[in-house]
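In the two complexes that follow, chain A is the common piece, with chain B as its partner first and chain C second.
Showing the complex of A and B:
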């Protein structure tokens, strides 16, 4: 079966005002099957949000150069006409943003903002769209949705706003839902609630999900497959159990450093010594070399390729498999 | 909202009182003797004394003020020292002219400034943007009298399309009225258009970068709806207040512009009154101007609340 979305050799460059070029994403390959959940993890700035915005076609056109292919249901989103993309966005493709506090328009009620999406893609009467919007708010556990629907965003807390954003993303039953750190901006209890919600929705909707998170506990609970990004590249991709039990890239090993056990409550990514490379001038060899405990001379000479270490498990390290090194 | 309105209205009373005291006191500082002005050619001390007594000029200033304000409260501003016309009548005659001019100027300013600002922001860095910025610079730096004279030269003398001066009331013949006021209204409005354009541009640029505009795009809305609905609604909130405040500059701009185009409005009335030492007229006109200005500010505040759900409560 062909995957719902398949990203091939995605590269994203930002052209700065001063003529500097930032290589935000380099040769990223990803795919997600219908109904599957892919976790995307990595340090701040490694290109997770930029990758998702590229899928949505929401990167600023003037300053961004996107190459490669993003095939969604058979056709290439990067080559699609603007109108085609607009018909997909909010409909079959939806995204929950990292910034719940500022992602709702302060001048319109939350109802208006959800109804707008429904009317845009489903048409129908305003009344039925409103009923559906109330229904969606109920699904994301907003108390007394009949009343809340007419409220402006400033009346809602961060957690409530994120629920509204989720309701809005679900408005047209998307086939692919990208959730960009849906819980990071929220406090711990809310994180757990939103996560629970994501799990419910995953079970109920059958949508494919790309879940971006810093929280490896979340990955372990929700995802089927995990891709680890470092400095704009995928450094490891594996089924979730395998990634946790037998990580094959030194960076992943470092991330997992603080949470070897799956049965414990979520913890944040471990911090790893050293600095992320400057993406205006990426290093010639392995991008992780400066921080890697296993670095060899050969690592800095040429960029390591992604190699298969076992079926469905790839790593961008010339020393993989790592079993002997880690133990 | 109602609470706010009540508070604002309550503030207006002391403000106006203060303004009226100020107007009346400053008047005392002007050189010249009103009695002499009224006496005209007459130089007989007895007559002058009689005038002084009749108009209570021989009484202390606070008493004079009390009499004046008592009249003002019932709409009696006294009469012109020159032609004995009631000041109220003069104001009733001239104010609508200037209000029409001001309204047209602000409409012109909004019609030019806001679309130009939006286009400049959306097409940032293109010829459209540079064109709009050039226009703004031109609008801000062009003196009203020069622009007025150039317009008269081009449209009245060269092309003969519009009258160079004079005024026709709207109620009499609206076409002729618009023809007579379009040039002065443009002269008055173009600097405000330039200011509005600049603010609209920078507000739009900021809003277009915002997360909620990205959300609007993520819903699959058309670029038109993203810009004209989601972005503009937020960008224009502060612009409305700015526009209303700029109305104040219209009132002062009208003084010069009405002179250039010989329009018998408020501006001309006050200039003539000052030159003629027609104290009663000056007092009345300045007080009415202050009231108009305060009212405009109030309208601006209300408008700001109406378009801003966070303040509506």
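Showing the complex of A and C:
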């Protein structure tokens, strides 16, 4: 089956005012099949959000240079005309942002905002759009949606607003849903509700999801496949079970070792020493080399390629498979 | 004897006044909270946004004045201290805030930030202050030469180290850590948690650790108090609470944490509904609107916090009738054997390397 979305050799450069060029994303290859959920994991500044903004065509054109290809259902999103992108966004491509407080317009009711999306892409009468909006609010479990639809965003709690955002994203039954840290701003009990809702909706609609998060627990709960990003590159990509049981990149090992877990108590958590490299002058070799405990001299000389470790599991590390190092 | 003893603490904030200045609506942020803390131990206060955990931490330091209750620190009654005595007390109790981007003065160098408490409490003669600043910086894993820099030149993790250094400067007995790692990336988070534990072992510090993240709390706490809407609903030793959570709210919190373990086998308690507002808290038990075990009595009668012989306190009418918590607890699976070896190798290799975070990044902060 051909993937729904396929990203080939995506590179994103930011041109700063001072002439400095930041390499935000480098040679990223990704694909997501219909109905699958891909987790995009990494720490602040690794390029995960920028990648998603590139898919949606939301990066500022004046200061950003995007190369490569993003193929979505026969279109190349990077070459598509603005009009085509506008027809796709909110319709077949939808996105949920982290901050439900700032991503809703405070001066319109939530109903207006959902109805606008439906009318823009589906047309029809305002009355039928309103009915659909109420139905969507019901699907995301907002109590008494007939009444809530006429409320302004400030009347709703954080968890409710995030539900409204999800309802809006689902308004036109998108084929691809990008969720950028959808639960980070929420309390754990609300996070559990939203994650459950996302699972439910995925099962019902069959949409593909790209979930961007820094929380490996969230990834383990909802994703089928995971891509780990570090300093603008994908350093490892694997089916979710394999990533958590046998990671093949030292950065992934460090990340997994550094999270406090409920299912065991470690005396000392693993730490990843040092700093993320300055992406205005990325290092010549492996970008993780300066912080890697398994580093060899060869690592610093040339950038390591992504190598297959097992079917569906790739790692950007010349020392993979890592098991050899500890046996 | 306990280092800190808090009894019946109450704080209501006025949110609305009538034309004549009479209070019309209150947020009952803290409503009768009691606990005690021994020297060198860590008590965690956990709960969701608005449960009053941060307000408690500020009341303990008298950064805000309580409406009722007592706070005893050693032999002193904090609420009767005058300004002078209060300043002396603050030498012994310090606080670290969540956001290291907001808690450090951007116009002061690190040296100035760390010298201020030394001068204020006149702890070190002026001539030796520079040496002392260097010493404190080394203690938190930063190089002394960084003292001349300004906060914006540091990353989030390094700033949190500076905030910790500032708290340590006066050699306190108690440090209140208010969500100290919530704003940090995962790999940085573990560095700060390790540092806090190391400092506790070395200096015999007591911590009040305020957090919403139970996995972090499990890692660091000796005793845990779970708060909901201004009151403690359960308090127990950390091992006990994580092995046998009793209150339905504690169980829901525990089960809501996503485990980094795909296909983990455990039953989930997903609470329905919203967190009620502290402006208008529910009658009776304040958890009854979301509780899966609610009965009529819960709606009218507030349960008292009852401590059993083992020191495990629970505020729930149905505590003896609840099903065992086994099904919601995560299986003690932890790392796969392969991962355990890799993590061990990873940690072994990085030990003895530079102390964490000593380098300095370029002036550009790495935030998205």
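The definition used in the following text is that the second predicted complex is superposed on the first by the 311 of 327 C-alpha atoms of A that agree within 3 Å, B and C clash if a C-alpha of one lies under 4 Å from a C-alpha of the other, contacts with A are read in each partner's own complex, and residues count from 1 in each chain.
We adopt the following convention: a contact is a pair of C-beta atoms (placed from the backbone, for glycine too) under 8 Å apart; a residue touches a chain by one contact, two chains touch by 3 or more.
All values reported here derive from a predicted model rather than from experimental measurement.
Set against each other, chain B and chain C differ in how many residues of chain A they touch, and the higher count belongs to C. By the touch criterion defined above, A:120 reaches chain B but does not reach chain C.
Shared-chain residue A:68: touches no atom of chain B or chain C. In the superposition on chain A, A:102 makes contact with chain B only, not with chain C. Looking at the shared chain after the overlay, A:88 reaches chain B, while chain C stays out of its contact range. Of all the residues in chain A, the ones that touch chain B in their complex are 56, 58, 62, 85-91, 94-95, 97, 99, 102-109, 113, 116-117, 120-121, 152, 154, 165, 168. Across the complex, chain A is touched by residues 48-49, 155, 185-187, 189-191, 193-194, 212-216, 218-220, 242, 252-264, 268, 270-272, 274-275, 290, 330-336, 338-339, 341-350, 353-354, 356-357, 359, 361-362, 364, 366-368 of chain C. The touching residues of chain B, counted against chain A in their complex, run 125, 210-212, 214-222, 230, 233-234, 237, 307-310. Residues 43-45, 48-50, 157, 159-160, 187-193, 195-196, 214-221, 240-241, 244-247, 250, 253-266, 268-276, 278, 280, 293-294, 322-323, 325-327 of chain A touch chain C in their complex.
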